Structures are given as C-alpha cells and as structure tokens.
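Every chain is named by a letter (A, B and C) in the order it is written, and numbering of its residues begins at 1.
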Amino acid sequence: MQKISFALGKQALLSYGKSISVFSFVFEIIYEIKNFFLQRKITRLILIRQILFTGFEALGLITFVAIAVGGIIILEGSAILPDFGQSKLLYTILVIIILRELGGLLTAFIIIARSGTAIAAELGNMVVNQEVESLVSFGISPVLYLVVPRVLGVVLSMIALNIYFNVAALAGGWFMAYLFAPIPLLDFLNKLFSEISVNDIASSFIKSLLFGFVIAVVSSYQGLQVSFASTEVPQRTIKAVVLSLIWVILFDIIITAIMYLV
Amino acid sequence: MQKLEANNVFYKKENQILSDFSFSFDEHLYGILSDQQEENSNVLKVLAGLREPDQGNILLDGKNVYTTFQKKERAIRKQIGFVFQYGGLLSNLSVLENLLVPYDFHFPEISLGEKKGKISGFMALFGLSEKILNERPAKLTISARKALLFIRTYLTEPKIIFYDDPFINCNLQIKKTILQLILKLKEKQIIQIFCESIDEQLYELADKVILLQQGKLYSSNTFKEFKKSNSEFVTGLISKLLAE
Amino acid sequence: MKFKLRYSEKIVGTFLIVALIIIATSTGYLLLHNKVFEKKFLFKAKFGDAVGLSSSTPVYFKGFKIGVITDFKLTDDNFIIADLKVYEEFRKKITRNSALFKSVNPVTSTSTIEFLQGPENLSELAEGSMIPAIDIPEGEILLAKNMVKKTGDPLNTVIYNLAAFSENINKDNNVDKGAFFRALVNLADAAEGMKKITDNLNVDFESISKPDKFGKRPLASLVVNAANISDSLRVMTGLVNHSLMRLDNVLTVYSQPEGLAAKMIDPDGKQIIEPIHKTLTNLNEAILKLEKLSDFLITQQDQFIIVLKRIVETLDEVQVTFETINGGPFIGKPKSERKK
C-alpha cells in the first residue's frame, strides 16, 4: 500500500503537465513523514525556517487580532447579557466563540494569507527554476524535502499560534471585562475554566492540526502544479488561497458537527 | 563496467521527443544532437530518470531507473549526476547549504569538515571566492551559479553525468575548467552525456555523437565523421550548431 | 533577518515550548478542575426527561460542582436513568431523601442540575442508590413532604415555580392544593356556623335584655359572662377576617400579572411561595380552632339557653316579688300597666 501510494505520488511529480491526484499526494505526504525523521539532517533546517516564518513571525499579528476579538466579544456581550440576568453566559460565549470557533478559524485565515500564499508561490517558482527537478535528480523526494517540512511546520505553527490566539483572546476578554467591572484574574480564570471542557481543548487542538495540514497540503499541491512558466505562479497562488479557505471552513463544520452534535 | 541502456523509449509532450529510441551508453563521452533543439533538455531528462517515458525503459546496469522502491532509487540516483542548464539551486538555502543537500543525502557518513574541504577545493578550481558560501544563490553572478551546479554534481562523484547545455551562461574561466574536468572524467571512464547548442568544441571531443530526427535515432558516429557526411539532415544540424 | 536566521533554532524552540507549556498547564488545570483524578462515587439519577442533558452535565450544590452526569438512557417506563458521579469531598452531602432539580436555561438550552439535599439529620445515602429529580413522582413526594427545597437560577426558579403552582393547583393528590381548597370550604362553614351562633345569641339576648319599665337593663350585669363569650367570638371573627384578607392579597397578587412580574426577580420565592404557604397554614390553624369553638358552643347552646331562661324566670319571679313590694299603694304602679 505504501509502495503503491509512493509510486503514485512520485509518478505524479515526475509527469509534469499531467494532473496529479490530490489523494496520492496526501498519501505520499503521510508516507514521507516517517522518512522525514530518518532524513532530519537535510530537512530539519527547512522545518525550522518554516516554523520561524509561519509561526513566530505571525505571532504579533495573531496576538493583536486575538486581543481585539476577545475584547470585542466581552464588549458586545456585556452590553446585552446582563439585561437577561445571564451575565455568567459571558464566559460560555467567550469559550464557545474563541476556543471552539474563532481561534482556529482566524488563525487559519491569517496563516492562509501569510504562509499559504508564500508556500504556493515559493514552490511554484521552485518548479520554474528547476529546483524541484534538481531534488529529484539527487534522489531526494520533493515531497519529503519540500512538502513534508512545510506541512509539519505549518501544522506545528498552527497549533502553537492557535494556543497563543486563545490565550491572547481570553486575556483581551479579561482586560475588557476588568474595565467594566474589576474581576480578579483568578476569579476570571476559575469561572472560565468551569466553562471549558476537555472536549473544547481537544476540538481546538484537532482543528488547528487539521487546518494546518489542509492549508499546507493545498498550498504545496497548487505550488507544485506549476509546470514551467512563472506566469502560472500567481494563478496557482490565488487557487491555493481560495481552496484553502473552502477546505478549512468545510473541515470546521465537519469537526464541530462531530464533536458537539454526535 | 557501467552501462546505461535505453530500450524502445517513447516520450511525447507537444512533439514526439523520443520515438522508439534504443541506445546503449558505456563509459565514454556522448553528445546528443537533435533537430528539435529546444527539446534537448527533455531528452536528457528522460535518460537521466527525471521524466518517465511513455513506453520503453531506461536501465542502469540492468536496473530500471524509474523504480518505485526508495532504497533502490536512492542507490541509482547516487550514481547519476545532472547538471542543469539554469536554475536548480535552492533559492532559500545558502550556497554551502545548497552544495551540501545531495552530499549530505548520499554521504551522511562523511564529516562536515571533510566535505567543506572538498568544497573549498572545487571553489578554488572554478576560481570562486569562499565568501560566497554563505550567500543566497540569487546574490551571485549567473556564471557563478552555473559553476555551482557543476560543483554540486561533482561533489557526489556520480558514475554517469548529464550536462544540459553546459556552456550556456559560463564565463571563459569556468568554461575552461569545465572542459578540463570533462576530459579528466572521460579518462576516468565516467559515462558523460551532453547536449550543447552554442559550441561545437565539446562535440568534437565526444567519443560519439548521437543524431536524433524527430525523436528517432538517426545515426551515431564521431563528430569528425559526421562533418564529412553528405546527408542533408546531418549537414543541416551541424551548420545550425556552428551558426550559433 | 540575519539575527533571526542565526538564532532561528532558539526562537522556534522557545515559540513551540511556550505553547506546549501553556497547553499542558491549562489541560492539567482543567483536569484538576474537572476532578478527573479524584475518587468518585457512583449514584443513579432519575429524571422525567433528558432535555438539556449531556454526557458531562455538571451537578451543583449551593454553587459548588459536586459531581457530573456521565451517561443516561431511557428506561422501559419512560424515565431517564443517568449515572451521577459525585466527587469525594462532597460524598457526605449526599444524604437520604435528597433530590435533583433539572432546569433548562431558556437562552442556552443547556441544563443546570442542582442537588437538593435532604433533611440534614438524615444519614448518608448508600453508594449506587437512586436520587430522583423533582419532576418525577418520587421527587414530587419529597418536595411535598418538604424534605427538599428548590433554589437555583432566578429566572428558572420563578418560571419553574409558577409552572408548578399552576399545575399543582388543579391536581388532587397534592397536599398544598388540598389545603387551599379545604381552607376555603372550612372558612365558609365556619362563617356560616358563626352566623348561626350570633343569631341565636342575639335572639336570646334580646329576649332576656328587654329593658324594664324603668328603661334600665337590670339583667345586664348578669350577662357579663355571655358578653365575654361574644367578645372572644368577635376576636375569632377578626382572626378569620384577617386570614381571609391575607388570602385575598395573595390571590390578588396572583391575579395581577404586573404585580407578579415585579416579584419574579425574587430568587428565593420568599415573597410569593412562602407567604402563600404560611397563610394557608395559619388559615388551617385558625379554622381548626374556630371549628372547635363553634362545635363547643353549639353543643353547649341548649344548656346555655336553659340557664339563661332559668335566670330570666328567676328574675321574673324576683321582679314579681319586687312588684308586689312596689305594687303597694304608696310604692308603684299596678302590674298590668308595667307589662305594656
């Protein structure tokens, strides 16, 4: 099975201009993840740079967006909820909106905008510049060398950024709540944690994992679909963004449905 | 005794690039001359195992180059070097990192110091400053980039080397060095296959020149013999090369 | 950029490790908070329906999370049996005759389950026993016997209490409701009986207290005892009236939506539910006393009247004697004149 999938992906990458099956591509990525750890020496550097670029450099933007969103939720919520005598729902809403939904989605959107485009464009240019072929000529699988570190890097960055986003958004929420009615941080945390279930954390984790994977796979796939002309690069980049957005939202719906409805 | 065999190879993109091509390469220097000059790269890539043919197979010492088994493939790739016409250097890595990619991959057992020593030797040979080792390829001159493609290939000491337009983008010094190296490797009985579109010099040095007509093997002989030929097709090809 | 590249490994390492620490700490804290590692005691909970139940619905007691509903299924007789895991530190709170109160938040549709502790002097409930919700018969009995009291989310409590009240008021097997109507019936009976007594007494008094020919009421002093009785009767009537007024107030409150709405924010039901209960209890007590008194009076009525009549007869004789004395030519008028 592994050999077949590898053959499919390999063939796909070798047969420029012919359409590559996404499934064989995904199969090969999963298969090569194992080899990634055997070939750490040459792939580690790319992984670290990918995390540096996708994760660390996006941290400022993520933090800013998160604090703002957390504050806004509290602002909107505290304008409405006390009228119903349901002030304690603030925490529920904060948890539902941020942990379960917005955290993952907004982080994914930011990563698509920053790194999805970058990956598609970079890989597209690498194809044009014969860099991908030179890897094949060494016997290094482009999937192993180019795609797997990007997938792992984006997944790890996505997970980490999602965590930072959640923390920053909840902090922003606390700060805004503090402006209205001073709540000690510990009280806030206690109330918050009584609203969070292990399910929420698990769903947040699974979402960021899947979103990261989807973004990286879609963007890499689109990038490698460039065959020889550099004019194809922007077209593929746009496609990467659009398809990443669609898939992320589809997966979001599916995961939410599985986690909270079943 | 190394041997690369092409058996009834068909490869088609827009044109028929290879059509029922069969040839056996042994430890000599081969030049390929085709009436579809723009497809030279693709011919070499099919032979080098970078473009899978639609039909037929390419065997290296009896083993199919297009294997799906990773270990076998790695062993085969270790023996094949390919010098690209342009590009080919990973733009997000420094020069040193670029040179180390295939070297580390195929020779993980050699220490970094030893590798760096060998790299320095080649850099000196090509007249390149070691300062550029930490630069990105984009910062270098075109001929320096081209030289790096050669160095990268020679570092792993392959048994078969393909050259795709080796003299394009080369300054004179580098061109001279390349010629020397090719001749040296010829003596070492390494299989070397090239396509060249601007210089006849290398064809004259080649042990055998292969003529392709619409992807079909027209004839193979030494360049000197071809020059004597009366065939319209052959004289046309040669005059085209000389005109460049 | 060069700085970042040179230290990229350290930066990336820190970036990932800090995230890892955050997630590990919060997961750990959450697990502790949810008492995943704590010893739990398993009880069964029985509900009328599963609306708003989920596999991790928390159960609260006086605002503390004392346990969690983990699993639930529908039984053959259409009740919901759920597993209730109670944390070790709250094990002692689970006493016999306790109940559960499930209310569904109208806004979030999530349910809040409150543990209603049984009377404090009762012993601990054995592990694995069933705790009923108050919306099933077993729970209703506990509620009716006043073993447990409802509290909880203000909005829910008010809505629930209103619903329960309007439902129970028409239910025959409910103790409170019985009391309510019995009180009204008794009150009517008592009032009627009292009217009779007063009427009779009036007649009697009239017959014995006709002013004499001097315009005085010579027997007045003799009726002091009777007057005392009627005084106490008046006090009793006042009490009945008072009770009726309070009942009337309560009924007014319930008949006026605005007045009720104002009291809906009352979280403990102290202004609505308790007063009505107190009134009914008071009323019952008053009526019981009244009944006793009127029974007594009715049984004693004949003798009372006989005594009074005898007094009257005696007085008449005394009067005749006096008249005879007075009837002397120099003292008074003839008897025939006086009797007009």
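Quick note on the criterion: a residue touches a chain if its C-beta (ideal position, glycine included) is under 8 Å from a C-beta of that chain, and two chains touch if they have at least 3 such contacts.
Everything numeric in this text was worked out from a predicted model, so none of it was measured.
Contact with chain A and chain C alike is made by no chain in this entry. Ranked by how close its C-alpha mean sits to the mean of all protein C-alpha atoms, the top chain is A. Taking each chain's centre as the average of its CA atoms, chain A and chain C sit 60 Å apart. Between the CA-based centres of chain B and chain C the separation comes to 100 Å, rounded to the whole angstrom. Rounded to whole angstrom units, the spacing between the C-alpha centres of chain A and chain B is 41. Of all residues in chain A, those that touch two or more other chains are 49. Per the touch definition, chain A reaches chain C in the complex via residues 48-49, 51-52, 55-56, 59, 84-86, 89, 92, 156, 159-161, 163-164, 167, 193-194, 196-199, 201, 205. Residue ranges on chain A touching chain B, taken from their complex, read 3, 6-7, 10-11, 14-17, 35, 39, 41-42, 45-46, 49, 122, 125-126, 128-131, 133-141, 145. Across the complex, chain C meets chain A through its residues 4-5, 8-9, 11-12, 15-16, 19-20, 22-23, 26-27, 29-31, 33-34, 36, 56, 58, 65, 105, 107-108, 154-155, 265. Those residues of chain B that touch chain A in the complex are listed here as 13, 45, 48-52, 66, 68-70, 73-74, 76-78, 80-82, 84-93, 97, 100-102, 104-106, 108, 156.
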